[in-house]
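Labels for the chains are A, B and C, by order of writing; each one numbers its residues from 1.
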Amino acid sequence: MAVTLAELARRFQGRVQGNPDLVIKRVASLDSAGPDDIAFLGDRKYIAKLATTAAGAVILAEAEAAHRTGPALIVENPHLCFARVAQLLHPSPAFKPGAHASAVISPSAHVAASAWVGPHSVVEAGAEIMDDVYIGPGCLVGSGASIGTRSRLVGHVVIGDRCVVGEDCLFHPGAIIGSDGFGFARDRERWQKVPQLGRVIVGNDVEVGANTTIDRGALDDTVIGNGVKLDNLIQIAHNVRIGDNTAIAAFVGIAGSARIGQRCTLGGQVGINGHVEIADDVHVTAQSLVTGSIRQAGVYSSSVKAEPADKWRRNAARLHHLDEMARRLARLEEKLQQHSEESEN
Amino acid sequence: MAVTLAELARRFQGRVQGNPDLVIKRVASLDSAGPDDIAFLGDRKYIAKLATTAAGAVILAEAEAAHRTGPALIVENPHLCFARVAQLLHPSPAFKPGAHASAVISPSAHVAASAWVGPHSVVEAGAEIMDDVYIGPGCLVGSGASIGTRSRLVGHVVIGDRCVVGEDCLFHPGAIIGSDGFGFARDRERWQKVPQLGRVIVGNDVEVGANTTIDRGALDDTVIGNGVKLDNLIQIAHNVRIGDNTAIAAFVGIAGSARIGQRCTLGGQVGINGHVEIADDVHVTAQSLVTGSIRQAGVYSSSVKAEPADKWRRNAARLHHLDEMARRLARLEEKLQQHSEESEN
Amino acid sequence: MAVTLAELARRFQGRVQGNPDLVIKRVASLDSAGPDDIAFLGDRKYIAKLATTAAGAVILAEAEAAHRTGPALIVENPHLCFARVAQLLHPSPAFKPGAHASAVISPSAHVAASAWVGPHSVVEAGAEIMDDVYIGPGCLVGSGASIGTRSRLVGHVVIGDRCVVGEDCLFHPGAIIGSDGFGFARDRERWQKVPQLGRVIVGNDVEVGANTTIDRGALDDTVIGNGVKLDNLIQIAHNVRIGDNTAIAAFVGIAGSARIGQRCTLGGQVGINGHVEIADDVHVTAQSLVTGSIRQAGVYSSSVKAEPADKWRRNAARLHHLDEMARRLARLEEKLQQHSEESEN
């Protein structure tokens, strides 16, 4: 695809600086861009690259415009504009509708005429595949599941029985939607399985990363809101509910029945205890553990940063005596108070 | 399936309160249950729901029985009874024996006549699939592996060469049993692979969550005891041994040759160092790190809970000076002691 | 395969103690070895096993040689020698070249005559599979991807479009190379996807564990150096670069654009923040969080080890008041200083 700088400015509410007829074919980084490419300045600290980049054009904010002598597209939010330009110039690959000969599609499944089912994929009884859905190689869509319009399963994705996926979703390889929740009842020494009978309901415009797992609800459903973005290798337990436009990084584990608000962000390796409720607009930093509900928007943390190990070991050893230290500190305060009183007398 | 309340009471050693001929068709939550459903009260704090639920019947303990005016099944352990009722009313879907036309089964594999091998699954040379085993779509059973009676591979499961799975096991999609252990010998700058020649031995009645990985032993075997329950996205390294009826939550990593006792529980994101031994009946809370052996039953922890980030940052900054603080505290104590002695003289 | 002890000594620069004509067929552990097996002593603390093992021969360092009465192979580095002997005696299973009838190979893909493509695997348009490559069952090699000579995809592996894999690599099941990076631009409440257009470039002699994910670069590439060893369930984000011979344990998450040096080791569950740079020869202990660049070789840590939970809870509670404790300590020091000065006056 190829568009002029003027056309990009028109589509994305920008202002052209320099030649409006410049033809742009691709996006690229400031470092690797060539004359047919458009790059963007994401961070002021790279402003010197504006002088050295071979990019045909650069997307910039007004504040940086004066630093660019060559062609530029001046917009309010360069990162957002860059995303949209990249979407325009690099759309998901087109596909022809139909199904590969090796796909196994139940006669009772409904697959839209405009959808594609790839090689070695399986669509089970009663499943519904809507218009323009792309199902890549080696996927499994369970019985009674449904996949909304324009959603895309890259390949090796599992959507379990009866799960419901909205429109415009994107699932990366190894994503497992609708595995059983981890539910057992104690039976003296043993565990009795509690059958997991709920579903996973995924909203519209959701992205699910590679090898991320979302368990079906025990009785009611696990619910992923619209616009939720999940990185790779996340675990979402049964009956969790995630609010719209929340973004979650890799290795986050959300235990059963937790509720996460809208527009939250959870950093990598964060743990959320079961049954916890987290308000809208809460941000949790990497490796923190949320053990109780968070009612207020804001940033929360229990991250501990690494330092040289010999120094850390001394500090960590003291941590295991911190309660005793606190008591000794209180005793000292008391003693000194006594001394002061005595010396005043 | 449909059973009367009387029949449930008979099977599960309960007492009927109200109409014994009430027909129950499904289990459901107190919130969503209808007149054909049976719910249960899992936590006293929801006791008010007994008055409002539309459930046909509710499973209750004797202590709560008086709070329910409608039909009820009174039992000793409502959660356990509910699990059993749910198993009865919602059995795993039946399957017809045989193999899908697209399955690839080695002529030297043995597949029981009562087993099913699903579409695009592969059963390699010498593998043994016992009676009533269900192998869903897209699974791989490696050469010489064996799968015990009634075990169930939901789909997209890998059981590696020579691994042994017991009876009544359940494997969720993306579970990988028998990947190579992470074993290398240093060779100056480089790493030389140590071939991983052991197996994974999985006991009976084991459940393995989605995308969980269990490595084969280096020389001897990795062993998962009977009744062990593994959540999604767990890593169990080579030569680990896990005792019967231990339950492990998501993102737990157990390093090589560690031994975990019976009836343990490991919370989400717990790390267990290599070669560590953990006694029976040990419980480790979420995100804790076990660096040495634990010889005593009990609860262990190094969990740190998140707080507002500005407050946490001040505390965490001090943590990196805790050894110095401890020394200063000790000096103060000494000084004050001197003062006391001086003032006594 | 079977070799004499003399032949092993010749190949691996060792010295035979005892019968040089002893025939060795397998490697085994000291505990389980029999008369046809060779074991090794990896740790002096097991030296007593030299007297009791039934192993035909044992690989030993010179310092331990006197403790072994039976046949032995005396070498400089027993662990390394054992790795090489095991590689010799237990090579990867041979395969016949070609493709299974159920494999789906694009007419525009190039598959070397000496390579194998297993059942239900898919090789897309323009992909290149080099000499002696083994692609096990259920793999996906995306369009334009290439797999170098002698590399091995055990099964259920995904190599995404245009990704490049070097020679002699080993990929375990569920490894996903080339999933999209987690890149979004804020658009008021919503997230706009930034198309991920880079590749993953994997060097030679790389091992990638089960269910590990490596994201493609956003614009430029994600790069995994030669000899890198990745355990199971690791997440490597877009544009990360990992230096040669670095080894990384399970559940490590490396955020976008981080650079890891050569010969580093990262313990299990370590988190590395985005854009961080880590020097060569840096070692990070389990569960630590690296939030800033590390310029110096050495060991780094923020690991906190578990202790009995009642004790830990008291310490952890104080941790949330550590800043206040530090202030109180400083005030005490000040007061005592005043006292001293007053009493001197």
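Things worth noting here:
Just so it is clear, contacts are C-beta pairs under 8 Å (C-beta built on N, C-alpha and C of every residue); 3 or more make two chains touch, one makes a residue touch a chain.
Computed from a predicted structure; not experimentally measured.
Least-squares overlay of CA atoms from chain B onto chain C yields a rotation of 120° to the nearest 5.
Under half of the residue numbers found at the chain A and chain C interface occur in both copies, marking it as a different-residue contact. Separating the CA-averaged centres of chain A and chain C is a span of 25 Å.
Within chain B, residues 102, 120, 138, 156, 174, 211, 233, 251, 269, 287, 303-305, 307, 319, 321-322, 325, 329, 332, 336, 339 each touch two or more of the remaining chains. Listing the residues of chain A that touch chain B in their complex gives 102, 104, 120, 122, 138, 140, 156, 158, 160, 174, 176, 179-180, 182, 184-187, 189-195, 197, 211, 213, 215, 218-220, 233, 235, 237, 251, 253, 255, 269, 271, 273, 284-285, 287-292, 298-305, 307, 311-312, 314-315, 317-319, 321-322, 325, 328-329, 332, 335-336, 339. The residues of chain B lying in touch with chain A in their complex are 26-29, 31-32, 77, 79-80, 82-84, 86-87, 90, 100, 102, 118-120, 136-138, 154-156, 170, 172-174, 205, 207, 209-211, 227, 229, 231-233, 244-245, 247, 249-251, 262-263, 268-269, 286-287, 303-310, 312-313, 316, 319-323, 325-326, 329, 332-333, 336, 339-340, 343.
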